[in-house]
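Next come two complexes built around subunit A: one with subunit B, the other with subunit C.
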Partner chain A sequence: MASLIDNEGYLRVDPSILKLTKLLLLTLIFVSISFAAVSSRLFSVIRFESIIHEFDPWFNFRATKHLVNTSFYDFLNWFDDKTWYPLGRVTGGTLYPGLMVTSSVIYHVLKFLGLPVDIRNICVLLAPAFSSVTSLAMYLLTLEVTSSSTTLRTKKTGALLSAVFMGITPGYISRSVAGSYDNEAIAITLLLVTFFLWVKSVNTGSVFYGSLTAVFYFYMVSAWGGYVFITNIIPLHVFILLLMGRFDYKIYTSYCTWYALGTLMSMQIPFVGFLPIRSNDHMAAFGVFGLIQLVLLVSYLKDTLSPQKFTRLMYAFSAIVASVGITGLVAATKLGLIAPWTGRFYSLWDTNYAKVHIPIIASVSEHQPTPWSSFFFDLNFMIWLFPVGVYFCFQELSNSAVFVIVYAVLGSYFAGVMVRLMLTLAPVVCVCAGITLGRLFNIYLDIREEVANWWHDKKDETKDSLFTLISKMVVSATFIFYLTFYVQHCTWVTSNAYSSPSVVLASRAPDGSQMLIDDYREAYYWLRMNTPEDAKVMAWWDYGYQIGGMADRTTFVDNNTWNNTHIATVGRAMATSEEKAEVIMRELGVDYVLVIFGGLIGYSGDDINKFLWMVRISEGIWPEEINERNYFTDRGAYRVDDLATDTMKNSLMYKLSFYRFGDVYAGNDPVDRVRQQKLSANYAKSITVDVMEEAFTSENWIVRIYKLKDKDTFGRDLIDIGKKERKQLSKRNKRMLSRKKPALDLRV
Partner chain B sequence: MKLTSLLLSIGLLLQTCMGVRFESLISSNKNAVIKINDGNYKSLMNNEDFDLVLFLTASNPQIGCVLCNDFQPIYEQFSSSYYENLKTKGIGKDDTKLVFAMADFPSSRRFFQELSLTNVPKLYYYEATKGSTLQQQDEFQFVVMDSIPALTSWVVSKTKLSPELFTIIQKINYTELILTISAVLGAVSLLALQYKKVLALLAKKRGWQGLSIVVVILFTAGYMFNVIRNTPYVRTNRDGSNAYFIAGHQAQLGAETQIVSVIYGLLAISMVIMIDTLPKLQNGRYKLAGSIGCSVVVFLLYSWLVACFHAKNTGYPFWLLKL
Partner chain C sequence: MFFLLFLLTPLALAVSSALADSRTLVLYDSRLPEFTTQYSKLFQTLESKNFDLELGLVGPDSPSPDLFTNGFRRYQNILVLPTTSRDLVPTETLLQFVQDGGDVFVISDNKGIQTDVALFLNELGIFPSPKEYKYKDYHNGETLDDPEVQNTVVLPSAKSISYTDGSVALLSNSELLVPVVRAPRTSYTVNVDEGRLSTDSTWHSGSQGFLFVGFQGLNNARVFWTGSSASFHDASFNEEVVDALVNWTFQISGLIKATSTKHYNENGDAGYKIKDTTTYEIGLSHWNGDQWVPFKNRTDVQLEYVMLDPYYRLNLVPTREENSSQIYSTTFQIPDRHGMFTYKVLYQRDGYSFVDESTTVPVRHLANDEYPRSWEITNSWVYLSSALAVVIGWFAFVVLFVFSGNKHFDKEKTE
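Take a look at the complex of A and B:
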């Protein structure tokens, strides 16, 4: 008998059945969380198709295909001669292989199981799949943080709530929708698992969990450059614990295990190499590692020596350590053993640094600061539960709560400085919101006492408990309402803001029906089918990965942006006049030029809008040749119509964008619908391109491809030939016009 | 500052009758740019004694001209170094007399209208006898890169003065220096004398708690955006009323951060009361009143927040209370 009614009238149930029910419920909850997390990420697949999104994912996809087709060692030694022509790129040594390895392992496992799934589908669906693991990790992390709490009775409520939050928060969905096959897709999962294991190992002091932390840290290093965040936050946590006088052997064990193993393992990644002992980003971890040994020594001495001797020793000791440390650091920097801060990281601290020194960083919109509305957009009501959660972490200040506080303060600073670091803030916001709501529901959903009073009909307490019951109901009802509001908000944001693949654009036809603009793929497919396999395509770096991934043609620059000069060369070719550009293009070995032009349908992310960055970046290298001011009119306006400056009108990018633009309007004045400027029909007709010929223009004119003409057989200048031809043409035209045409209409 | 400029303008007005002389101008101002406003522009523009480099700007934060505010300190430093060099080195052989001046928009509205300006900043050069007949090439082209060398070469090419006159003299800001030193000294002495109290203060949990929460609220309310972008505090509409919110996620006003952080702060306080303070109360009625009151406050504040968000994201479909 599993259950029976005992002689006092209570229902007695076998404890194992209760446990089983609990487990079943928990499993059910997780299944539904995973379902919610995965399905809210599938908007783009349902609306468009199973396709890789944006720019970087195309590179990751291409690299994954390479890995699946070759062996792992071939992959690490991969020298890619189809990018950065003529330099090439040591791709195997300059990427984080974690993502590709993960999906290829999944691919092979599925194949072994007899489920041959196309590698593209694995890549597309990897991020949603990992998001459900993330919410599980979030559950464990929150549970571990609140595990030592004495006032919280049901700890799982908060943990489960935080898991739900993490599953559908737009701050995380933005980087993990189906098709956004980027490093962040798995990195956030790994980040959370690492943090969970770290907190666990600090709480238990076990070498096992310390080593597990290191293993997942290694996985994280192999997957995303953002691992530096972990490398700095864990030492900071330990350092603050030391300052608070909380040193114990648990902290010592877990930190030393993590640091020693984690650093050694992270150095196995070719791209990371010796960075962990050289770059300043990793110095904090190293410094705390040294410090914690000293603290251990000191605490040992304190136990053995007399207090007087101990103080004297301490003074001498700290003086020596400080002087040796500082001189060592300065000397190593001077000798060049330690690399200076990398630009991307440095721009986090000195916010003006990037603007002044590195235009290529400033040009990436992901490096912009975050307004408050973005926080609300991405996190909804959790953003005001967040500080409350921090408050409660202080109320019960366990070691793991200190970790959450450190993470909260650092994370919100970084997210405030850089929009894309919202991603690293989102987890801690979910933890804090989960803790807050967990506590709230712990108090206000717990109506056992009131119901019991009512049940047993205790007259004197019934009235009071009725009041409490009402108040509890009101509070819980409002918050349950906020939770449903959260779900609606997240769904709306995900479906409206984060589910566009940006390779295929959706717009509305005049009658309201949906219209898909598929110019990118049309053009890349044209390139793939109609150009020789070794054709070299010049385009701005944003499109490098897509050309490589979809068209499979050689590119000059791509989103890797490792060589600023090469990018500037391409920018210079686009920004100068046709004559100069021809020389540059012949030197580079260009066959085709691809430009993005949105003027016809009003697609604002086109090359003319990005043009100023090309000018700025090339001006950084050739200031005497390119000058940004020349592209603005005297009044400081950026014009593309008849009033544009001569430099603008003569630039290759301008010509390639607007060449034959007037033809579409059949004699009327063409209108650039992005800049909202009207060109006169005559002027539009006078825009000519002589060194190149138009090879392809997509349906909506978004992508235009030109072929560089061969040199003239007789060595004549191509531009001169063009001019002469036009002259003759205009003469002939005049003659045609002067000749009287016979009247063809009906005579009545 | 205002008093001196007032005196200066009165002095200039007096001189209008006699015609402004270069020497008197230079001696009366203390190495600072000469401020032009509606009162004195005629006398300065129509003179035959000296050349004029004129910076037209709108420094008012409500107008929000970034380039103006970027360039103004450079220009001021440049011209004050010129005046200082002039005193130590003299004009030189050419005896071209040059005066640096600037006109700010709200105080010289009429002057701007006369020039029929449509945009600022502008930097013009006027030759002594020609007055306001301006040639196209007499305008300085603003570039994004380092502007002091460009400015020097432009002024030199116009005036034929020796470039030595325009070497920049770095001024030491003494008040700031003294303030910093005294602050550091004060902190050190405080630490030395009262280190036990300071340590006790540092060890207080409440202090850190408040600090972390304030920091978190500030950062999530977009404080860093204001610092990095140097955003204006409010925006003035055409009809003179103030706008506290700008639509769109690309821009933000200083007032927005303040409003939103106040909302966040109040929300946090009511949540803490609801979760931490109320359950400790013994009286059931207080509990009832307190928790219902708090949830109403939270609801109202949250509705206000959503309303603020509507001002930023106009297409947002959800409302709590339409405020």
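Take a look at the complex of A and C:
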């Protein structure tokens, strides 16, 4: 008999069956979480199609194809001659290979199992697949934090809730919808696994878990540049524990194991190389490593020496250590042994730094400071559960609770600095929200006592317990409502804000039906089919990866942005006049120029709106030639109509965008729908392009492609020819012209 | 009937154009009476070079000749004799003709140059003086003894050139122009309608002007202009000059081409990596009027190795002859810089066809297994030995620690 009713009236069940039921329930819950996590990320596939999104994923996809088609070593030594022409890019040595290797392993395993899945589908669905692993890792992390702290213990409620939160929080979904094949897709999973293992190894003091932490740290390093976050948060955790006087052998063992193994392993990634011992980003980890050795030595000396001698020794010792340390650091920086503070690092502290000093960093929209509303947008009600969770951690202050606090502080700060770092904040918010709600539900959903009172009809306590029951029910109901609302919110945000591939745009036709704007792919396909295979296409760097991935043509600059000068050269060609641009383009070897123009249908992410960044970036290098002020009218307005400044009107980008724009309006005044400015029909007609010829314009004019004309056979200036053709002299005037003595420079 | 007249005995040296197409259109003004009698020697010369002549009559009533049928060029060459006709061939058509690879020889004089042709020449940078302007040289008369020949590829030698009824051209600074004969220092052109001599009334003065000017487009099509028909008349036919000028303009002399280009890695690899040694070869041939022969004895053929800027600019040296072409080559070490490098030979010498050959190759960085191993670098020995010392020291420590502690523990246990 597995169960029976005992003489007190309680149901007695065999413990093994209970365990089995628990396991079954747990499995069921995880299956449901995975299902929810994966399915909410599939909006984009269902709405659009199985397609790689945005910009960076196109590079990752192209790299993955390269890896799948060649060997691992070929991939590692890959010199990409189709990007950054004519510099080329040492792609194998300048990327984080983790993502590509993961997909290619999955691809080969599936193939081995007799399931030949197209590599594109693997890439598209990798992020959703990993999101379910993430929620599992989140469960483990929260469980580890809660179960190792007495007051935070909430059975498994908290852990399960945090797993649910993590599964569908928009803050994470924004980077992991199907098709968003980016490094973050697997990096967040690895981040959480590493943190879980770290907390576990601090709690157990085991070398095994320390080594596992290092292994996953290595995986993380191979996958995302954000690994620096781990590199700094773990030493900070240890440092704070040191200050709290919590130092023990458990911490010592796990930190030394992690640091030694993790650093050595991370140096195996070519892109990282010697950074862990040279870059200042990694100095904290190194410093703490040295510090705990000193602490160990000091605690040994304390045991052996007399207190007086020990104090004297301590003064001398700390003075020496401090002076040697600081002079060493300064000297090494001065000598260039360790990398100087990078711009990206400064922009973490001072949000205005990038805007002033490094336009290329500031020009990326995801590097902008976070607006307040996006915290609620991405995290919903967890944003106010988060401080409560942190408060609970402060109450307990166990080693693992301190970790959560450290993570919460750092995560909030960085999320406030850069929009995209919301991604690293989301997990700790989920942990804290899970802890809070877990604790709340443990108390308020536990109505056993009240029910028992009522059941056994204890008269004196029934009235009290009825009120308790009601208050408990109200609180629980409120939070269950919030939970329901959370799901609603997440689904709504995911489907409306984060599921657009941005390669295909959706809009509404006047009758309300959905209309897909597929200009990008139309244009890239045109390039692929109609231009020579070695044609070189100049476009602003945003489109570099897409041109490489979809059109398979050589590009000059792309989203990798490793060479600011090269980007500035392209920006200069776009910002300067046709004459000067022609020289630059011939030097570079340009065949085609691709511009994005949204004026016709009102697509605001076009090149004219990004134009100021091109101006700023090239001004950084050629301040005497390009000046941002000249692109604004005297009153400081950014105009593209008849009132635009001459510099603006003469710039190549402007001409390429608005050339023949008037033709669409058949004699009426054309309107730029993005800038909401009206050009007069006559003026629109006067916009000419002489050094290039229009090769292709997509259906909605979003993508316009121009071909650079060959040099004139007769050695004439292309712009002069154009001017002459437009003049349309009468025969008589022409005859007169041929009889007039030309004004020539002396022939040399 | 003209054809019969011109099918006379060919001249001694039979030369022909390197191009298979020899269709030639000769445009002349039907109103000029002297035409039929004055150009027989010129036509003989052309016939002897196997040009397939067609005569185009230009007059006030005749339609302008078609240079294209269905967009295809009908002729390879056009010879424009002095005409005063208002409409000849539209300037754009002439430009298109040359753009498409056709050659044009224009002979004009001071009786006036046809407007379309003048505008066409203006586009190229040649500005012939119009009809009011007369060529004057009170020191030498209208015959140039020992003229100043500027380009011996086009005109190897000229003893004396008669330049009657001449017009003179001013030239722009276009690099594609090939000035052949410069006006004498003592000459000038003056507008006879304006009595006074001033800067406005003179077209050229002294060596500012040019009498014979060639032009070669980037596509190697050639145009030639001269301002006097005297050398082409039967009366004062200058065989030496006419022969040379016709040869150059109609692609018989001054023709070179690249027959082959080749580059390879000296160590036999298919691609290139930094610091490899590479050899570049280019084969050049020269048309001698009959066949392609090696283009020999050049010391000025240069190779540029370019990535944005030239990393090398090397003189190519002649190495061997191969299939009627002279191979020029050079060997050099690729710089320590990866990227897309272009081997570029741009051989543009006045009078010769342009040779513009470029090949772009990727030069990759060192692969992970191509760096020297650590022990091959002497500098690393100090690090290697210290690492080794730590390993040995640690091992020794472990051994000592494990075995030296035994006694102590045993004692404790027994106690």
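Note that in this section the second predicted complex is superposed on the first by the 718 of 748 C-alpha atoms of A that agree within 3 Å, B and C clash if a C-alpha of one lies under 4 Å from a C-alpha of the other, contacts with A are read in each partner's own complex, and residues count from 1 in each chain.
To be clear about the criterion, contacts are C-beta pairs under 8 Å (C-beta built on N, C-alpha and C of every residue); 3 or more make two chains touch, one makes a residue touch a chain.
A quick note: this is a predicted structure, and the numbers were derived from the prediction, not measured.
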item	value
Chain touching more of subunit A, residue-wise (subunit B, subunit C)	B
Partner chain(s) touched by A:Asp81 [first = subunit B, second = subunit C, both, neither]	second
Subunit B versus subunit C as contact partner of A:Gly93, first or second or both or neither	second
Partner chain(s) touched by A:His489 [first = subunit B, second = subunit C, both, neither]	first
First (subunit B), second (subunit C), both or neither touched by A:Phe375	first
First, second, both or neither for A:Ala415, with subunit B first and subunit C second	first
Partner chain(s) touched by A:Lys723 [first = subunit B, second = subunit C, both, neither]	neither
Touching partner for A:His108 - first (subunit B), second (subunit C), both, neither	neither
Subunit B-touching residues of subunit A, taken from the complex the two chains share	351-352, 369-377, 381, 383-388, 390-392, 394-395, 397, 405, 408-409, 412-413, 415-417, 436, 439-440, 443-444, 464-465, 467-468, 470-472, 474-475, 478, 482, 485, 488-489, 492, 616, 619, 623, 627-629, 634-636
Residues on subunit B engaged by subunit A in the complex (per definition of touch)	118-119, 136, 141-145, 205, 208-209, 212-213, 215-217, 219-225, 227-229, 249-252, 256-257, 260, 263-265, 267-268, 271-272, 274-276, 279, 284-285, 287-288, 291-292, 294-295, 298-299, 302, 305, 309, 312-313, 317-318, 320
Residues of subunit A defined as touching subunit C within the complex	73, 76-77, 79, 81, 85-88, 90, 93, 270, 534, 587-588, 711-716, 731, 734-735, 737-739, 741-742, 744-748
Touch list for subunit C against partner subunit A, complex	95, 98-99, 113, 115, 118-119, 122-125, 127, 130, 170-176, 179, 200, 203, 208, 215, 217-219, 221, 307-308, 338-342, 360, 362-365, 367-369
